Amino acid sequence: MKKLINDPRDVVRESLAGLAAAHPEILRVCFDPVYVIRADAPIAGKVGIVSGGGSGHEPMHGGFVGKGMLDAACPGEVFTSPTPDQIEAATCAVDGGAGVLHIIKNYTGDIMNFEMAAELCQARGVAVQAVIVNDDVAVEDSLYTAGRRGVGTTVLAEKICGAAAGRGYDLGRVAELGRKVNRNGRSMGLALSPCTVPAAGKPGFVLAADEIEMGVGIHGEPGRERMSLKTARDLTAQMAEAVLADLPFQGGDRVVTMVNGMGATPLMELYLVHHELEQILQARRITIAHRLVGNYITSLEMAGCSITLLKADDEFLSLWGDPVLTPGLRWGI
Amino acid sequence: MKKLINDPRDVVRESLAGLAAAHPEILRVCFDPVYVIRADAPIAGKVGIVSGGGSGHEPMHGGFVGKGMLDAACPGEVFTSPTPDQIEAATCAVDGGAGVLHIIKNYTGDIMNFEMAAELCQARGVAVQAVIVNDDVAVEDSLYTAGRRGVGTTVLAEKICGAAAGRGYDLGRVAELGRKVNRNGRSMGLALSPCTVPAAGKPGFVLAADEIEMGVGIHGEPGRERMSLKTARDLTAQMAEAVLADLPFQGGDRVVTMVNGMGATPLMELYLVHHELEQILQARRITIAHRLVGNYITSLEMAGCSITLLKADDEFLSLWGDPVLTPGLRWGI
Amino acid sequence: MTVSTADVLRWLTALQRVYAENRELLTDLDRAIGDADHGTNMDRGFTAVQAELSAHPPADLRSIFQTVATVLIRTVGGAAGPLYGTFFLRVATACAGKSELAAADLVALFQAGNEGVQQRGKALPGDKTMVDALLPAVDAMRNAFERGNSLAEILERGAAAAEAGMLATVPMQARKGRASYLGARSIGHQDPGATSSYLLLKTALDSWRS
Amino acid sequence: MTVSTADVLRWLTALQRVYAENRELLTDLDRAIGDADHGTNMDRGFTAVQAELSAHPPADLRSIFQTVATVLIRTVGGAAGPLYGTFFLRVATACAGKSELAAADLVALFQAGNEGVQQRGKALPGDKTMVDALLPAVDAMRNAFERGNSLAEILERGAAAAEAGMLATVPMQARKGRASYLGARSIGHQDPGATSSYLLLKTALDSWRS
């Protein structure tokens, strides 16, 4: 394992210390329990937005804390859900009296830890609602699974709900908005190479020299199939087809797109994939209203990318344009 | 070679098409010859800032085109200097009558191609001055080499000169400012893994499982030594010592720092390195006025990082704060 | 024979050692059908439990298990944290007022723990989870108790049933947790959580048999 | 015997093939002490030269070399682009008004080309660059010419000297270009540019010997 780290057990805390040091004007980090919080929290009268999950997906979630997005983020150990005490402390710290929205990716561990935390917060009189993101089309949903995984749409939901809270939406409305984002967002990813959890020391899976994992999860979970490497054109088409067919997206739709890097894929390749995606959408008369290209929801040093499409209405687009000031996403300020 | 590309010969153009598609409000891309240009260029009466170099270092340089930074960037093939015709076309296209500054990294190929272009531009009546960046302390300068390589300080010079041009500095003053930035900036990097030029298909060098290249160049050029992997603390200290001793930086200095990822290193590790760097500088009573942590000047999918320190005066700091709107660096707008 | 507060503390100390020793094993099992962290999670949790117990030794059985529960919930994370946390919360409640545990108490205690896990995780037998080790163990212990077996025998039956249940997860297709994302690809692998649950009972047996 | 416009075009056609065939070799040499692109650069450049020459066949020798120069400058990039570009710019000037090249012209022409390279790159013999192949070749050709040798013999001497010069770069420490960053670590490797320069002369010999 080749990483720029000290003791693997200290990775999360030392990295968070660096995040805090790098962005003092935007956020603070509390260490006991661990959470990242807006420098100016709580904002009286504003609904608080809290997310969290395992670490190793940076900039998500800590890098999305700041004006116009998250009020706090709860980072767990690498690829491990945060714990109820973190979530409880963060939730109570950002409550400005209007209640707090939890944005949760659909993983059993995340759900159960946020559930326990919500019970504790409600016991303390803090109103909490939850939005569960489950947008990964790679895994078929069914009564016999924990359901679809939450991936890229989480980033868009955090931006849009953050803007809505900033505009004064009440808790019920922000939660409903978040669920609407989730209903209209779909994602699919692929891996060219695996990643290694520092504490584990070995790659989570192994790929042959010409093999990729189509539909990979952000923790390296297997997806739809192991297949041989193809051109960016073919791979982008395959991801896009899966995403487009699922909602389905149709001609005339306006969308927000995200071409997301898994961590080790150069920006040069992500722009190339975005170029392929734009051509696919143009051919279907789907209009791209806004686009993100870069590393937003990563898997440590995994090579690969994911595509997220959000079918946008006027409310989404208007909220998307609101100023946002976080380490990972910034405009208008 | 595992990359998200089509034909290796098309990587640069297809990636630039994606850059243009992703940021229509900021920039345009011309393809014959190839250059990236500000959407609103030329700006009458403003000194134009043009940079360029081999591709594969994204976001540099194309991702730094936009308001407050570069007016144009000339991307060569991967790791290969751009050609005089590109540079000539870009220079003439951004000339607003106040002349154009070329910001050049000190590589024989870049220097010679920019030189030839400058001759052509001057023949067409466009005033051109050049700033050569040679900030890499890994390679000892001497009469018997092509001199030090240009690396991280280039990013800071492009931001600061871009801001100065926006404020109306004339060509001579912007050029002098750029040289002052170069005189006060120092960098050093390391690689945990090599990178593969698409057209070459094989890694530029090979590292054993526990080996790193200390002082690596942004094209994978060897540095000071092959050594075994150490903790982030030790490696950061070694890079920082080399950088600090070279200027030298002293107690009481104010600095702008950049902890830069080589492409495949997770943000989590970069923040961890930044945390180590802040402690080293604090111990020496060196004040960090501004900081960048992320991928700014990369080497394809190389794993590793570099540290850049700029000794800052009031002029630098004031210009640093000016609004900038580019795909790779953005604030205040 | 009964289980004393000292016995319980020996069990918890042993658990730290056992999960440290089986850290790689559990993580490798989780690598096959999960995200390669179950061993790390359990090791981190029970190490923290020991630290807390020696820093602030609780007065009675109930508060010992209360401490175990809150420390696990705070330090384990993932799915296992809330599940084992809930397990020990229920165990603590089941110990209310007791200073030592007789056979009947032990059976009731493990039963309460498993019920907590099932309520928190909504898993049924056959879903390829820790429940597939815990539930058979509880049933076996109850039968043994009703047949009037000794405490040692009860624990032996429990551990044996947990081991059988753990092995029975191999051919199962996961319907809960991360492994369920693999669908049919989860078949043929032993469930990490069922394995850590077996270790929980096996270690109780080893600590209390004598 | 003289070199005609047709001979020159055959030389350039052969150069495309030669640099395509030696693409890997040149890139591997550049991988050792540079950035692994010299072969790709030369291949790209001379492929573009062929495309341009067949698209717009120039009228005379001078404009042929003028085309070669501008296409190389436009397509090769790196250090080699301006250097070989300048080489052919000077060659073009040296051909001004000529419709075929006699022995004296050939010597003058390669000499002019090498002077261009040295002016553009400021390299001296021993710096481990293309100059270490070109300069000895030019000297050898001049001597052979002064000794009254045939054009074929002159080319043979030139190619032989270029090859010797290329091999002589192995023990040199680079003082110019990317390789100079390696300091002593550049010793023991053959210079890619000297190699492509040797191929330039070797191919002229092969194309014109007959």
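First chain written, first letter: the chains are A, B, C and D, and each begins at residue 1.
We adopt the following convention: a residue touches a chain if its C-beta (ideal position, glycine included) is under 8 Å from a C-beta of that chain, and two chains touch if they have at least 3 such contacts.
It should be emphasised that the depicted structure is a prediction, and the values quoted were computed from it without experimental measurement.
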Contact-linked chain groups that survive once chain B is dropped from view: A, C | D
item	value
Furthest chain, CA centroid comparison against chain D	C
Centre distance in Å when chain A and chain C are each reduced to the mean of their C-alpha atoms	32
Intercentroid distance (Cα basis), chain D paired with chain A, Å	55
Distance between chain centroids, defined by C-alpha means - chain C, chain D (Å)	76
Where chain B touches two or more other chains at once, by residue number	none
Per-residue overlap in chain D, given as positions that touch at least 2 other chains	none
Topology of the chain contact graph, where touching chains are joined (line, ring, star, complete, other)	line
Pairs of chains, among all present, that meet the touch criterion	A-B, A-C, B-D
Interface residues, chain D side, partner chain B - complex	27, 31, 34-37, 40-41, 44, 73-83, 85, 120-121, 173, 175-178, 180-183, 185
Complex contact set, residues of chain A against chain B	2-6, 11-12, 14-19, 21-22, 55-56, 58-59, 63, 192-193, 209-210, 212, 229, 231-233, 235, 263-276, 278, 291, 293, 295, 298, 300-301, 303-305, 330-333
Of all residues in chain B, those that touch chain D in their complex	33, 54, 76-85, 107-109, 112-113, 115-116, 139-140, 144-146, 149, 197, 199-200, 202, 204-205, 217, 219-222
